[in-house]
Amino acid sequence: VKLASDVDLRKIAAMTSGFSGADLANLINEAALLTARENKDAVTMKELSEAIERVTAGLEKKQRVLQEEERRRVAYHEAAHALVAHVLPDADPVHKVSIIPRGFAALGYTMQRPEEDRFLLTRNELCSRIQVLLAGTLGEELVFEEISTGAHNDLERATELARSMVTDYGMSRLGRVTYRQTTSSGLLDGGAGTPREYSEKTAQMIDDEVKYLIDELIEGTRKVLFEKKVGMEALAKKLIEVEVVDAETLAKLL
Amino acid sequence: VKLASDVDLRKIAAMTSGFSGADLANLINEAALLTARENKDAVTMKELSEAIERVTAGLEKKQRVLQEEERRRVAYHEAAHALVAHVLPDADPVHKVSIIPRGFAALGYTMQRPEEDRFLLTRNELCSRIQVLLAGTLGEELVFEEISTGAHNDLERATELARSMVTDYGMSRLGRVTYRQTTSSGLLDGGAGTPREYSEKTAQMIDDEVKYLIDELIEGTRKVLFEKKVGMEALAKKLIEVEVVDAETLAKLL
Amino acid sequence: VKLASDVDLRKIAAMTSGFSGADLANLINEAALLTARENKDAVTMKELSEAIERVTAGLEKKQRVLQEEERRRVAYHEAAHALVAHVLPDADPVHKVSIIPRGFAALGYTMQRPEEDRFLLTRNELCSRIQVLLAGTLGEELVFEEISTGAHNDLERATELARSMVTDYGMSRLGRVTYRQTTSSGLLDGGAGTPREYSEKTAQMIDDEVKYLIDELIEGTRKVLFEKKVGMEALAKKLIEVEVVDAETLAKLL
Amino acid sequence: VKLASDVDLRKIAAMTSGFSGADLANLINEAALLTARENKDAVTMKELSEAIERVTAGLEKKQRVLQEEERRRVAYHEAAHALVAHVLPDADPVHKVSIIPRGFAALGYTMQRPEEDRFLLTRNELCSRIQVLLAGTLGEELVFEEISTGAHNDLERATELARSMVTDYGMSRLGRVTYRQTTSSGLLDGGAGTPREYSEKTAQMIDDEVKYLIDELIEGTRKVLFEKKVGMEALAKKLIEVEVVDAETLAKLL
Amino acid sequence: VKLASDVDLRKIAAMTSGFSGADLANLINEAALLTARENKDAVTMKELSEAIERVTAGLEKKQRVLQEEERRRVAYHEAAHALVAHVLPDADPVHKVSIIPRGFAALGYTMQRPEEDRFLLTRNELCSRIQVLLAGTLGEELVFEEISTGAHNDLERATELARSMVTDYGMSRLGRVTYRQTTSSGLLDGGAGTPREYSEKTAQMIDDEVKYLIDELIEGTRKVLFEKKVGMEALAKKLIEVEVVDAETLAKLL
Amino acid sequence: VKLASDVDLRKIAAMTSGFSGADLANLINEAALLTARENKDAVTMKELSEAIERVTAGLEKKQRVLQEEERRRVAYHEAAHALVAHVLPDADPVHKVSIIPRGFAALGYTMQRPEEDRFLLTRNELCSRIQVLLAGTLGEELVFEEISTGAHNDLERATELARSMVTDYGMSRLGRVTYRQTTSSGLLDGGAGTPREYSEKTAQMIDDEVKYLIDELIEGTRKVLFEKKVGMEALAKKLIEVEVVDAETLAKLL
């Protein structure tokens, strides 16, 4: 399978995160088929995008059968994401909430205006993104008292964003200095890169700062969820009932 | 041997853990044979599953001859696993307990409802899993006073679960931050990944938290074993006698 | 594609920083084409340079559509760069400021006399370069109160320069000793290099010194921007209006 | 040379430890020869075992000529191993003691019931193994006052066992947590593994615990040797005289 | 290109330090050409040496055009090197000073009796070498007050020498123990080597000792330059005028 | 060039330590030639040994021309080695002392009974070896006041021996525990090994112990040299005169 020069692997990787090895193999097959059908000799971005849609659709079909208790939990989890995204002024607006399992890891999802359209993000916008991510696990906690493994991906992405604020964007008390974990100079070395150049003490200050940022944002998110608990419950119940809720219905419920 | 695109290597790896190199070679041979017999040109998940069953069965046959004292120890070890799994409300129910050696490392096993059917695990469910794992060594300790090397695999898995609770799921006093040991971005780098990004002090806090979690769960498990020692002994004796005990018999004994 | 012996990969890498993988592929194609057209059998520096210009031009064409708010922010960001470069006596003079997006990462740029013409840089000249780099984010802060992700590249380069002053050029309180992160002896090993040879305490002193340098230079840059805020605003507004401002206009505005 | 699927490389590696590169080459040659003679097309465990015996035998023949003083030292060293193995209740019984040099590193050996027959080892059994290993150097010390390089292999294995008790089997004051140095998930990565995941402080606690364990076991072993010094000397003298002593003679002497 | 067995890659690497990738490619071409012309089938040391001379000559021709201010700085820098080499009793005598740029990194050079003729260096001789290396940056500082990036290579080599005195030659307060950064046993492993074997505390003591050595030698060098400032200025002015100064003229000027 | 199975690479590596790359190439050529001449199809140990002798002889011929001062220093350096080897009861007797440069790094040598004949070394014998190694630099110090780079190899080997006493042989205050820098399990992994498993604090204790051992042995060696300074000077002068001194002459001189 030859790739055309317009293929941006970074984008593909982003669109297929959560795919299993088998899903990726299917994706390549689909794209190769589409390319052959159009008599092209290299797979372009167009074929790849279409293939991704098909595979994703296929994945939606062979629905995982969640147990009733799990399904309830997923509903509250997504409702909390959607609620916080709806309420925070700097968060991207919600288009759709769903508890139909998709892909390898996602048991539900809350769709917002895609990130790709933005070139700059302000500090407040980043904080709002983190709060939306944290909302899922905090919602579970509020309703079920104990949390579950379902928030792993959210927590990982929230931690990554907070870490970027500290190490890449100069948005923390560590100041306008960047801290690189590894570096690769691209064309000249084969991507091997160098190990992190900062000291242990700096690594520790970064850890503390990331924790501080997350803890602060948890505080704010908890407050939002607590105040709007009624709305969240309405949305969760709606989700259990109809599985997918669009922007309009969402606005009415909250 | 070509693999069909539906083969999920992760699943295969999970199902063959404990296989020796020779066992794995047998597995590949069996699967290739089954594929040839059905005139397929790639090994699918179906052939692999059947091959795994055959190899495992073969392994069961060439029984290791345990010494009498070792066999008694294994019986109490498995009885303790089964007892705790039976008693804890959040543990998966026991289907079968056996002291017939199997594969490379397992001298006996306690079968519970397979993990694969669950998509989410709550904090209590994870704790129960750890307690079931710890029960084996604690049972040996209760009966024989000194423990043995037989609990190695249990302890390793218990430690891994506890570590995941701390570093992946935000279920400890370290909060809703994730801590990655290594990272691989999948499609873009060849799985090389980056070394751990957190500091020594954080590593130490993680170690302390894992130890704290395990120590607390040991406390609770010891109490269960102590209170139900009579049942454990009945089960162990039954196992020594008949080697395999099913769910029904188990329920009667405890 | 064969490379002629006059090709300096280091230069090419410098000229294509920020190119995406697809951009680089285009570059190679263009250069190969130009080489074929001139019946040469190896790509020389000449073809590569021309190819870079074409690809860059192509990138300028397919303009990214920034949102209005983002465009305003970019204008102030670039105006701040240009203002500080214009004011500091040891900074290279500004030739052109633009808010036309270019390449993968640059949403705007301030062009100064190219670095390649200089063989030596004094301590003051290095400090001025860092101040020009820092000016973008400080300008955003002055006008919009919160900063954005747009300064990432600037901060990274400023940190690198400050780090070089400490570890390579003996220009800090750590004295005339050099501190190597990794070493590669070129011809003899395949570029593998050795891990850093200095101690943790030294690494920490380097971190502290880099932070101290940057913090001091931020102080001075903030003062410049505050005093000349009117000029910066005039320039930013001009940029929003006409997108590109040349040296002459700039001088008149400030 | 093709290997049959029944070949367990782990076992082979264990049986050939101490072989030089040339010894290993001889081994492969012998095994290939035996396989060819039997018209098999892959070397099985049977041929390999026979080849190992032949090579070992060959190694025994080309005896190293020890100096008289060295020979005496080896005799006391082995006598101490044998004595402690004979005396400790949880140690495996001694079959044969020899001071005929064998292989690359062994100047003598004490043969006990082979480990391969055991599936579980209790804490006491592990401690006894360590004490038997330590006995050699402690015996030298008792008789010659200064120790020699001959105990290197013993000390290494004793340290490894003690470390396993701490990190793998939960048999120390560090509790029922496992500590992995590196991890390899077998089928999925090429054995590359991950670096150790525990912190420096934990590494230090492990070191301290290993040292504590060894020091305690040295105490006990010294006492045994001191009390039975007469028996050890009788055995050493016998060894110097006849080179090999079997279980029966040993029992009479001690 | 085949290399004859008399080619000492270490020597070649030393003679071509500072060559760019393109320079090295030219070098190989020239050597291959010379070898072909003499009908040899392998490049010997003779052809390589001649090729190096030609390439170096070529590099001298395409002179870099320094700015006037840079040229003055280079002249003082080299004059300081030459002065200190001339004055210190244990330094190698100066043959030639030049401010004609050469190769990739050298904007000027001070030629002393080549190192290759010496087999042993005493502590004083090593200290003198370091002082000659430090002189360039200290001369710049004395005349221009601020220093420049031009001393990077000098500082790196001075640091390396000082580090060798501490870690390889037992010439510091850390005593007659050697400290290896990495080790490679040559024939047996592919040069992979082992990571440093000493502790963090030792690494810190080495760093401190290197810094102490350099600081002490800076003190002495500054004194020399201060006392002989008139001579240095005379030499620098001569260099600006005629570009190259030989040993005789140098002696007259100082 | 094919190697016969009797070739022990470890031995070859030991016999060719100090060879340059070119020397090694010559060695291979010589061995191949000798093998061809005898119509063998694989190089055996016999050809390799003869080739090593020839190459070494050739290296002796193309004598390095030492400067007079350097030659004197080498004479005292070797005289000190020989003196201490002669005086210490546990050191191997001296056969020959020479100041004819040989191989890549050796400017002179003191030949003792080869190590290969010994299988065990006692603690005292190891200490004596270290003292003989240290004697060279201490002799230089006694006579010339400042030391030279000529002792590098001696110091490295002395440090290695002392480190082995601490980490491999249980001969220090760190007790009968072994400390491995890296481990390679030979047949099973490709020699990759694992990074050191002990903690920073342990690494520091090892460093301190190695330094303590060396410092103590320096003390004793200095005393010997001081007391027998007259003998050392006689031997050094003889060496300057005749270049090689045998055991008999040595005994008469001291």
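Here the chain labels run A, B, C, D, E and F in written order, and each chain numbers its own residues starting at 1.
Rule of thumb we're sticking to: a contact is a pair of C-beta atoms (placed from the backbone, for glycine too) under 8 Å apart; a residue touches a chain by one contact, two chains touch by 3 or more.
Just so you know, these numbers come straight off a predicted model, no measurement behind them.
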- Task: Work out which chains are contact partners of both chain B and chain C.
- Result: A
- Note on the structure: Every chain in contact with both chain C and chain E is listed here as none
- Task: List the interface residue numbers of chain B and of chain D, divide the shared ones by all numbers used, and answer same when the ratio is over half, different when under half.
- Result: different
- Centre-to-centre distance between chain F and chain B (centres being mean Cα positions), rounded to whole Å: 53
- If you average the Cα atoms of chain A and of chain B to get two centres, how far apart are those centres in Å? 31
- Distance between chain centroids, defined by C-alpha means - chain A, chain F (Å): 62
- Item | Junction residues of chain E, two or more chains touched | 9-10, 195, 200
- Item | Touch-based graph of the chains, sorted into line, ring, star, complete or other | ring
- Query: In which sequence are the chains arranged about the ring, given a start at chain C and a first step to chain E?
  - Reply: C, E, F, D, B, A
- Message: Taking the touch rule as given, give the residues of chain F at its contact with chain D in the complex, in rising order.
- Response: 5-10, 118-124, 126, 168-171, 174-178, 180, 185-189, 194-195, 197-202
- Within their complex, chain A touches chain B through residues 9-10, 12-13, 16-17, 20-22, 24-26, 29, 64, 66-67, 70, 73-74, 101, 107, 134, 137, 144, 146-152, 155-156, 158-159, 162-163, 181-182, 191, 195-196, 200, 203-204, 206-207, 210-211, 214-215, 218
